[in-house]
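Structure provided below as C-alpha cells; questions to follow.
Order of writing sets the labels: A, B, C and D. Residues in every chain begin at 1.
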Amino acid sequence: MIIVMKVGTPQEEIDRLNQEMSSRGLTPETIFGRYKVVIGLVGDTAELDPLQLQEISPWIEQVLRVEEPFKRASRQFRHGEPSDISVTTPEGPVLFGEHQPVVTIAGPCSVESEEMIVETALRVKAAGAKFLRGGAYKPRTSPYAFQGHGESALGLLASAREQSGLGIITEVMDADDIEKIAEVADVLQVGARNMQNFALLKKIGAQDKPVLLKRGISATIEEWLMAAEYILAAGNPNVILCERGIRTFDRRYTRNTLDLSVLPVLRTLTHLPITIDPSHGTGWAPLVPAMAKAAIAGGTDALMIEVHPNPQKALSDGAQSLTPKEFETLMGELAVIGNAVGRWEKEAALV
Amino acid sequence: MIIVMKVGTPQEEIDRLNQEMSSRGLTPETIFGRYKVVIGLVGDTAELDPLQLQEISPWIEQVLRVEEPFKRASRQFRHGEPSDISVTTPEGPVLFGEHQPVVTIAGPCSVESEEMIVETALRVKAAGAKFLRGGAYKPRTSPYAFQGHGESALGLLASAREQSGLGIITEVMDADDIEKIAEVADVLQVGARNMQNFALLKKIGAQDKPVLLKRGISATIEEWLMAAEYILAAGNPNVILCERGIRTFDRRYTRNTLDLSVLPVLRTLTHLPITIDPSHGTGWAPLVPAMAKAAIAGGTDALMIEVHPNPQKALSDGAQSLTPKEFETLMGELAVIGNAVGRWEKEAALV
Amino acid sequence: MIIVMKVGTPQEEIDRLNQEMSSRGLTPETIFGRYKVVIGLVGDTAELDPLQLQEISPWIEQVLRVEEPFKRASRQFRHGEPSDISVTTPEGPVLFGEHQPVVTIAGPCSVESEEMIVETALRVKAAGAKFLRGGAYKPRTSPYAFQGHGESALGLLASAREQSGLGIITEVMDADDIEKIAEVADVLQVGARNMQNFALLKKIGAQDKPVLLKRGISATIEEWLMAAEYILAAGNPNVILCERGIRTFDRRYTRNTLDLSVLPVLRTLTHLPITIDPSHGTGWAPLVPAMAKAAIAGGTDALMIEVHPNPQKALSDGAQSLTPKEFETLMGELAVIGNAVGRWEKEAALV
Amino acid sequence: MIIVMKVGTPQEEIDRLNQEMSSRGLTPETIFGRYKVVIGLVGDTAELDPLQLQEISPWIEQVLRVEEPFKRASRQFRHGEPSDISVTTPEGPVLFGEHQPVVTIAGPCSVESEEMIVETALRVKAAGAKFLRGGAYKPRTSPYAFQGHGESALGLLASAREQSGLGIITEVMDADDIEKIAEVADVLQVGARNMQNFALLKKIGAQDKPVLLKRGISATIEEWLMAAEYILAAGNPNVILCERGIRTFDRRYTRNTLDLSVLPVLRTLTHLPITIDPSHGTGWAPLVPAMAKAAIAGGTDALMIEVHPNPQKALSDGAQSLTPKEFETLMGELAVIGNAVGRWEKEAALV
C-alpha cells in the first residue's frame, strides 16, 4: 500500500502517520519527492481498506494499492498453475481447465416442458455438448414475465439428465432453493444480477457442488474475482467464471458487449477456468456463431450457448437461441477452430 | 407494440403474422411504408415481451414498445398524483412526498458500538435529521472486510431509536433476516447490489414496513422502476426510491456519478418519492455539500447523508462520511436552499 | 511517479532500473515490501509518460502517477486562487468566476434567420442573459442534416449583438474559420466532439478571444483539463469549462447524463471558471429547469441554456429548447436560488 | 418514422399533426391503440430528424425511427454485396474485403528515425504484413508529450515504403496536412478522437486516397457508420472501418474494451471492410495475440498491430507494441486460424 500526501503536509503529520502505521504492525518507509511525500507500507497490507486508510489524516491525498485484493482466486495462490475443475456427469467426470478440451454447455433459457427439454438435451448431446443448461427459476426484469416453472422444472431436468447423459447446470436465485437444486444439478449457477448478492455467495460456497459464477453486467474484473473469493473463502474451491457481456453505452445492435479480453486478462490473474456465453453476451442468435468462434480462438475453456427447439415459441430469450440444427452446424465450425488450436475433444471432432 | 418488418418481407408472411397476433387476442394494423412494412398491435400489450415477439418470424426486424412496462409504479397508476409515504417514528409519522418538506436521513455506514451510534443519533437529530441510517449487515466487496456486527447491531439501533426519537433505516441483505430487522427498523433498505435480487424483492414486498430501494450501480431508470414494481406487485405500496450514483467511465475523482437528472425524470414517470444519497453518490465527503444542495434545488424529497463521529476510525466508508459538526453546518446551508424552494420544515429551520 | 515491480524481480534488474532512472536525472528510492519492491522517483516527473516508463523493464508491474499531469490548468498554478475571466460585450466586460454572479448564456442551437436571432436576443436579454449563443456552423451526426448557415449566419449574429448589447458565443468547427468567427464572437466555443481535436486546440490557443471548452461526451475530467492545457500552453489563458452531459448506459429518458459533480471536483483541481449546459446535458426541455436550479445550488459560475422562439420549427435540437416565455419564468426561479446562495446579480434580480 | 402520441391526445391535435405531415409530402397512417395513438409516416423519411419531429406537437411522446440513417454505407446500398477496396502498394494492389484474405497492417505507433522505421518495415514485411503503419503526427492527451516528428517523418515513411514494398497508412490530424500526407501514404487514417471532426471528414472525403476510419472511443456503431457516410457523401467510396476498443467502466486491466461483436454486426449493416486493432483495443502487448486470433476467427478482414523494434525505448505507446520477433511468432499462430477459416493468403502461409 502506498500513501501519497498532499503538497505542504507538515512534518509532524507525517511523523504522526508513521507512528499510527507502526502501531498497526506495518513498517512505513517515507520518500520525500520534489513536491510530495510518499509513504510505502511494508507488511501484511492485503486486507487493509484503502478508503479507510485515507481517513487517517486529512493530509492524505491518495492511497494506492500495490497488492491485488484477491488471494484464493489469484494465480499466485496456485503458484502460477491453472485449476482443472472436475464436474460429475452421468457419463463420468468432465474437466474444465486451461489444458483441457473446450467444454460445451447448451440448452434453453428456461425449462418449458418435458418433451422440450429432453428433445433439446438429446439433440445438443448428439452435436457434442457435455452439459445441459436450462432455467427452473428465472430472473426476469418484470414481475409479470414468466418466472420459470420452479420445482417442477427440476424434475424435468433430472429426467433430461438421465435420458441424455448430460450434466446439468441451472441457476440458483434464492438460497432457500440450494438444497433441492443441488439434488439435480451438477453445477449451480449464480446469475449476473446476483454476482454481488453476498448472502447467496456465502451459502453457495458452503455447499459442495461446483459453481458457475457469471460476471455482473457492470462488474469490474476485480469485483468478479472478489465474488469468486467469497465462494472460495466459504470453502468451495470449484468456481468456474462465466463472461456474459457487460453493459456499455451502445445497445442498439447488441444487448450487451461481450468482453472477450477477459480471456487473456484472467489467465494471468487467476487459476480458475473461464466460460464464454455468446448468447447473453450479444442477445441475438445471428451473432452467436462469430463470437463463439472468436472465443475459442481467444482461448476459452468452455462455451455456454442457448439452444431452443423452437425459438419462436420460447417463453423467454428466444431471440438469442439457436435451433438444434443451427447448433449442430455451429459445432462443426467450432471443431475447425478448436482443432486448429488443439483444444477440441477427439471423439467430438469425429461427430 | 410496433413490429417493423424487414425490407422485402413476402405478403404471405405478413398475413401469417397478423393471424398469429389475432389468435393472441390482439388487433394488428398494418402500414405499408415506402420500403418497410410496420404492424401496430392494438390490445393489452403491456405484458408482451418484445424479445420474444421478435422470434415469431425471421422477417421481423425490430419490435418497439410503446407502453411503459411498469404499472403500479407509474404516475398514471395514481392518475398523475404523487404518493405521500408515511413512516412511523417514535415521535410520530414522517411523510415522504413531493409536496412535503425534505426529509433528512443521516448516520454512519455501519453500527460500530452503542456509544458511537447513540452519539451520532443525538447529534444528527439535533441538527434536524428525522431518520438514523446505520448498517447492521454490510455488503462488502471483499469477504475479508468488516461485514457489520449483524444481530447485535440491531439491538444498538433499537437503543439509538429510543434515546433519540429518530426512525431507523437499515439494510436487508438476506431474506432470512427480514423478520428480525423489521422488529427494529422503520424502513427496510434494499441495497444497490441487490436491486435485481428478485427473490429478496418478492419477500420484502410481502411484509409491511416501508422500503427504501436503492438504484443499482448500472440499472436503467426503467429497470429500477421494474424492481419497485416487484415490491408493489407483492403487496407493499410503500416504496421510496434512492439514487446513489451510477457507474460511468470516469472514477478518478468520484467513486460514482450521482445522476441528479432522475429528479425531473422520475417525477413524470412515477408517483413514488425520491431520495438522493450524495455520500455514496460521490464517495468523498468534501463533495457531499455541493451535491446535497443541488439535490434540494433539483427537487428531491429526501436526502441520505453519511455522518460518523470519527470518520478516521470508521470501520467502513469513512472517506465519504461527514463529522457531526460538518453535518450541522451543512444542514444550515441546506435550510437556505430548502426555504428558498419552499421545501424545508418550519421548526427545523429555526434550529 | 511510483514503480511497482513484479513479485520475484531479481536484484540486478532493480539495480539496472535505478541506474536507468538516475541517467534520466531522477533520484530513485527503493522500498522492499513483504512481496513486492516499490521504487519512488524523485525529481521532475510531471512530463514522464507512465505507459512508456512501463516498458523499461519486463519486471515492472505498474507505474502509478502521483502528480497530476496538468499544470497551467491546475489550481496550484494560481496558488489556490480562482481565475476571473473577463469577456467583453457591447455593454462592457462580464466576469466569469467563482466569486462572481452567475452568468447566463442563452439562445438557439443554430442561427436560422435575422428575425429569429434578433428576437431571441432581445427576449433573453430582457430576462437577464448576458450572452447570446447560436450556431453558424453546426456539428451534425448526419451529413444530410442541416449544417448551419455558416458565414451568412455570422453576419446575423453581429446584427443581434449590436441590437441587443449581448456578447456572442459561437462554435468553431474548422480552424480555417477562426479568423472570421473571431471578428464577430466574444467567446469561441470548442464543441464536445472536438475536445480532443488537438490541431484545433492549438490554433484556438494561439488567438486572443476567450474560449468555452465543452467536455467531450466520454472525456474524463483529467482529459478535459488536459484539453484546456493545450489552449493554455498555446498562450491563451482565458478558458471557460463547460459540462454538457456525458454518455452512460442509460439513454432512454435523457440524451446524456449531466454530471453536476464536476462542480465541487473542478473547484479543487482548477482555477478555471465552470459553465453548466443543462439543455444538451439532458436533451429535453422539461428537464432543464430542475437541472439549472441544481447547478446554481451546486456552485456553477455560468449557465448555458437553449432558447428558441418557436421550438417546433427549429432546424436543430428543438426538443431541448425552451421558449422565451419559459426562459423568463425559469430566470425568475433561478434568481430565487441564486439570491439564496449569494451568486445572483443585483440588477438582474430586480427584473 | 413512427410517432407515438401521449395518452389523452385530443383528436384535433392528431388531425393537425396529420395535416402538417401531409404538407411535408408524407402520408400519415393512424393506429388507434387501447391507450395510445400511433402514427406511421409513409414516404421519404430517411432524412427526417426524430428530435425535430418531436417538437411539432407537445402531445408527441416519442418518435421512433424505422429506417437506418445511413445510406451509402448501408449494405442495402450495394444490394447486399460487400465492397472490395483496392489499395495500391509498391508491389501491386491489395484488396480489403469479406471474400479476401486477411490483410495485416503492422508498425510502430510513431516514426522515430529512419533506421527504426525501415528496420520495422523489413521485419514485418518478412513476417507477412502488407502495410506499414506509423505516425508522423500523433494525437497525445498532453500538450507536453511527444507530438510526432511531423513532416520529416513523412520522408522516412516514403523511404520505408520504397525499401520494403509495403503500403503506408498514417494518420491525418489537421486537414491542412492532407495534401502532403497523401503524397506518401496509400491510406489516410482518421483517428478515434477525430471520428466526429466533421470538417476533417468532409475534406478527407474530397480527396482520392482510401481512408481508414477508426471508431471513436465512445461512438455507437450508428455514429461510426454516419462518420463513414460523411466521407462517402463527399465522394470518396473507399472507406475501411477500424475497431480499436471502446471506453467502458473497467479500465484496470485493459485500456479499452475491444468490441469484437462489431464483426458480425457490421456485416449485416454495411458493405465496408472491417479492421480490428487489438493493440489500441487492449493497450497491453501480452493481450494482443489472443485478441488477434479471436478477431480472425470472428471474421475480420484486416488486422492492425503495433510493432516496435525496441518497445522499451518507444517514444509513445510502447506498452502495447510487440517486438518484431513476437510479431513473427504471432503471424505463425494467426496463419493457423486464418487457414482454418479459409482467410489466409496462400504465399504468406508458406513463410
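Operating definition for what follows: a residue touches a chain if its C-beta (ideal position, glycine included) is under 8 Å from a C-beta of that chain, and two chains touch if they have at least 3 such contacts.
By chain, UniProt protein names: A, B, C, D = 3-deoxy-7-phosphoheptulonate synthase.
Owing to the predicted nature of the structure, the values given are computational and were not obtained by experimental measurement.
Enquirer: Using only Cα atoms, superpose chain A on chain D and state the rotation angle in degrees, rounded to the nearest 5.
Expert: With C-alpha atoms aligned, the rotation comes to 180 degrees.
Enquirer: Looking at chain pairs B-D and B-C, which one is connected by more C-beta pairs in contact?
Expert: Comparing B-D with B-C, the pair joined by more C-beta contacts is B-C.
Enquirer: With chain centres defined as mean CA positions, report which chain is farthest from chain A.
Expert: Computed centres place C farthest from chain A.
Enquirer: Measure off the straight-line distance from the CA centroid of chain B to the CA centroid of chain C, and report it in whole Å.
Expert: Computed value for the inter-centroid distance: 31 Å.
Enquirer: From the mean C-alpha coordinate of chain B to that of chain D, what's the distance rounded to whole Å?
Expert: 40
Enquirer: Enumerate the residues of chain A that touch no fewer than two other chains.
Expert: Touching at least two other chains: 218, 247-249.
Enquirer: Tell me, which parts of chain B touch chain C in their complex?
Expert: Residues in contact with chain C: 218, 220-222, 246, 248-250, 252-254, 257-261, 263-265, 268-269, 281-282, 286-287, 289-291, 293-299, 336-337, 339-341.
Enquirer: Within their complex, state which residues of chain C touch chain D.
Expert: Contacts found on chain C: 46-47, 49, 51-52, 54-57, 69, 139-145, 173-176, 193-194, 196-200, 202, 217-218, 223, 226, 229-230, 233-234, 247, 283, 311-319, 321.
Enquirer: Across the complex, what residues on chain A touch chain C?
Expert: 2, 4, 7, 29, 31-36, 38, 40-45, 62, 64, 66-67, 76, 218, 247-249, 251
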